[in-house]
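Okay, structure first, notes after.
Here the chain labels run A, B, C and D in written order, and each chain numbers its own residues starting at 1.
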Amino acid sequence: MKQTSQNETRATLLVSCKDRPGLVAALAQALYTQGSNILDADQHTDPKAGQFFQRIHFDDPELAGPDRDGATRRLEATIRGIASRYEMTWKLHFQAEPTRVALFASKTDHCLYDLLLRHRSGELTCNIPLIISNHELLRPVADHFGIPFHVFPVTAETKAEVEKAEIALLEESNIDLVVMARYMQILSGDFCDHFASRVINIHHSFLPAFAGGRPYHQAFGRGVKLVGATAHYATRDLDEGPIIAQDVIPVSHSDTPEDLVRRGRDVERRVLSRAVRAHLEHRIAVYDNKTVVF
Amino acid sequence: MKQTSQNETRATLLVSCKDRPGLVAALAQALYTQGSNILDADQHTDPKAGQFFQRIHFDDPELAGPDRDGATRRLEATIRGIASRYEMTWKLHFQAEPTRVALFASKTDHCLYDLLLRHRSGELTCNIPLIISNHELLRPVADHFGIPFHVFPVTAETKAEVEKAEIALLEESNIDLVVMARYMQILSGDFCDHFASRVINIHHSFLPAFAGGRPYHQAFGRGVKLVGATAHYATRDLDEGPIIAQDVIPVSHSDTPEDLVRRGRDVERRVLSRAVRAHLEHRIAVYDNKTVVF
Amino acid sequence: MKQTSQNETRATLLVSCKDRPGLVAALAQALYTQGSNILDADQHTDPKAGQFFQRIHFDDPELAGPDRDGATRRLEATIRGIASRYEMTWKLHFQAEPTRVALFASKTDHCLYDLLLRHRSGELTCNIPLIISNHELLRPVADHFGIPFHVFPVTAETKAEVEKAEIALLEESNIDLVVMARYMQILSGDFCDHFASRVINIHHSFLPAFAGGRPYHQAFGRGVKLVGATAHYATRDLDEGPIIAQDVIPVSHSDTPEDLVRRGRDVERRVLSRAVRAHLEHRIAVYDNKTVVF
Amino acid sequence: MKQTSQNETRATLLVSCKDRPGLVAALAQALYTQGSNILDADQHTDPKAGQFFQRIHFDDPELAGPDRDGATRRLEATIRGIASRYEMTWKLHFQAEPTRVALFASKTDHCLYDLLLRHRSGELTCNIPLIISNHELLRPVADHFGIPFHVFPVTAETKAEVEKAEIALLEESNIDLVVMARYMQILSGDFCDHFASRVINIHHSFLPAFAGGRPYHQAFGRGVKLVGATAHYATRDLDEGPIIAQDVIPVSHSDTPEDLVRRGRDVERRVLSRAVRAHLEHRIAVYDNKTVVF
């Protein structure tokens, strides 16, 4: 089981702070002194905002040793020390504790299948303890993959109450990330705030073009030659959240709105899975309603 | 000189009318009876608008014969007969009479060079009798390619008058198509109407996202992951004309607005030349503020 | 049931013959006289081979009328007449009689799921009466989609015999097309001949680069910056059959051979489904070990 | 002149050595102690080869100070110290000393124009002191950009002697990089060895497919659906050198070999300029006949 034990020694650190000399050296030195080996490191400085971002993927053999808890505490203490000195915000993710993901879906199944198949093939490293839907329709998909399926019918009247129940279920299941796999309900601002930068949505257009409903029909009406999809974190401002990934496909005059819907499915699932994968690998920093995607 | 004489026998017919059975047969039969051989034919029916479009590229040996004028008249009479029967609008283009193109440019040279190089290599089949600019700066480019360069300085006060002079020059030079190769002046509605569906503009964004000025800076502000370019026919409604071609390139958080400008140049020239080529090959039909691009 | 009855009136004709004037007119006129309305027509002439190809998609109301058999016979007689005059080879496909497809798979499931999901969503218009595998592993996938699953274990000794049994099953099921959805057995030359131009294979490389086994490992070894996939008709000459569709994805030095395998799955399923769709829409003509894909 | 002086403070370090813990920390710490600020850092470890690679782009204010020579010496001494401890190979490039590039061309001008235009627009940071050709034809292009043009006619008999003269000219002009912008002569193995990893060639196919001559005609013959281009370092083994960049464009049955040549020009210039830019930004490490392109 070499592969597993190897993965258990791995962790990813995401930090951000005001830019200043010595940041890279300080973090690298601290991790080295701690006994960690840096496997991969990316950094970005926004010169206008004067903000520094770094992602460090590293290996710490003690994380798989007999005193895992002690090793974890020492590592966190080391990073806390550096972070305090440089006023960093930071997050440390241990590969031994995979992200727990809840999928939301409605009646359209292509994004749901895509995520579940990529999960099963090992392409998305996470646990998926549950799927939530406002309809019964996709239960057979959940059953096929052996994942509990929870139906929460929603009406305008019950929406606030239903969301509370959903949040309760998500919290008691220790969900870290919500992925809206073509879930056709608008989440409330409160829900988005509760899971800030932890809800990924797929909008079936190249935002900011064609925000709002029926984007393929809007695109057809305007006669564009490309249609796209945008994965973004959900925020209070609908379709205005930080963009994570985008892609497009060429279309022509011979495509009907229905053709665009059909052809768009390919780009939607590709873009959504790319965004989810980046989140699961702790590659995304959010600031200023934008993302750094390492 | 086989190649030349072969080309002189070629023509392209673009027709449009209400859809009804027998259109394809009627046109094919008429051209065959006339002695023409169809080399390539494309058609499109917009089922909602009930509109039929066809492009027929054909060979008529008599067009290179001793009585070219007579052959031309007979061909036009044949098509006029069919067109009248089916209430078609139509345009017939003879390959022996290449489109006459005027390029408009300001200070940015990448689109201008690109079009001139493609023209010289035979990729764009047209004549380019003149280049118009509101600055002296790019005269050496025109000189290098041996093309007359006309400078029309423009101010808010002189704009109407200058456009009149430009139109006069274009008309006396028998210009069929105006290509705005990053010309940084907004053409008046009157100019656009005068050359309706005969002015191609390149907008350096993926329209309708980021219409208006400084689109790369707008794109940077929104944090998008793709930037694009749109070639369209210029109309009274700025950035709202029929779209001919679009393309995008991926960008990331590490690109500054200046990087986007630099990287955008590649996609701008690619998209503009694609649109110009489609126009020169008579592949574009305009209706309903959209295009059919065969 | 308007949609269905509309589709029942549709048919697609694929013809090929030596190029000569009047072919387009003759076919269009014959179909018009017969009462058919051409919806879409594409043609291609290979000037070196002097060969003409045309695909005509048309609507014949009588095909959904009370005397469907009579209408079919009249249509075929009309086309036979033209074909005989111009020495055409031709195939006529009625939309009311969807292609019958058998999927072959082994242990890898991404192409199989992809085709089955596209079929269920209506993107691939065909019947899939059966799936054949040399392993039990993917039976649950077949069950999930409600499609009979036949296992034919293969060894070097039994191969010839097993193929005979497979051909018998395919024939008695009236299979028109075999799709090898990452089926990891090499079909014999006899099998390929039996279903000439009716077996589509996906090769996980950009042919002719990296033909043969383990192409992603070959690509890694050579340090290429793109890997691709090729869908082609299977022929006696392994990996040498007529190419239908190809696509690539960018890779980098940081991708291991295992990463290439993982990332390649996306391009494999995209390319395979594109090729299958083109076949099902009768868009492919084969000649000279190459394809025309309208 | 803030921009210039800012650039004069910048340098790029490329290192490679056997992988071991502490490398990142040691380099970062040394540069920090030296007074440098890391702007950008990328690293790669080839787990099979056990080899570590890093590119560090940094800012050292003293490099633009009154004692530039002293600052340079101190910096080099620092790096030499680390390199010696860890048995690193390393190269240090100062932005104040741009790479000196010689372009080689024959009769085809699209790659030559492309590089010269990108250079003039500031997209390629280098000096281009000379252009070498085996023909007079492209002299006007060199003149237009004000770059000395040297003609060396080559025959089979004179080739060895001519190459000696070319090498002499390149050496006395302190040329760091040779770019073969569709230069239609095969360089000798001796020439390639002399400028190892310093000659970039563009091959107009997606290597390893269609190595050798007339690749577009080979591609047409095989009926592929994509054609591509490959930029690589020239080595003794023709078309077998380390690949730097590759890209493709879709083609179809309707493209003649001449169409492929025409359409290929776009992808050739795009790929070549991408490779040259990567080299000029010191992003490329070569090992094992492959490249790491940061």
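By our rule, a contact is a pair of C-beta atoms (placed from the backbone, for glycine too) under 8 Å apart; a residue touches a chain by one contact, two chains touch by 3 or more.
Given the structure is predicted, the values throughout are model-derived calculations rather than measurements.
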{"item": "Chain pair, A-C or C-D, that carries the greater number of C-beta contacts", "value": "C-D"}
{"item": "Most distant chain from chain C, judged by the mean position of its C-alpha atoms", "value": "D"}
{"item": "Separation of chain A from chain C, taking each centre as the mean of its C-alpha atoms, in whole Å", "value": "37"}
{"item": "Approximate Å spacing (C-alpha centroids) for the pair chain C, chain D", "value": "43"}
{"item": "Shared interface positions of chain B, touching two or more other chains", "value": "none"}
{"item": "Sites on chain B touched by chain C in the complex", "value": "21-22, 24-25, 28-29, 31-32, 36-43, 45"}
{"item": "Interfacial residue positions of chain C with respect to chain A in the complex", "value": "109-110, 113, 117, 121, 123, 140, 144, 262, 265-266, 270"}
{"item": "List of chain D residues in touch with chain C within their complex", "value": "44, 46-47, 206-210, 222-226, 228, 242-248, 252-254, 256, 288-293"}
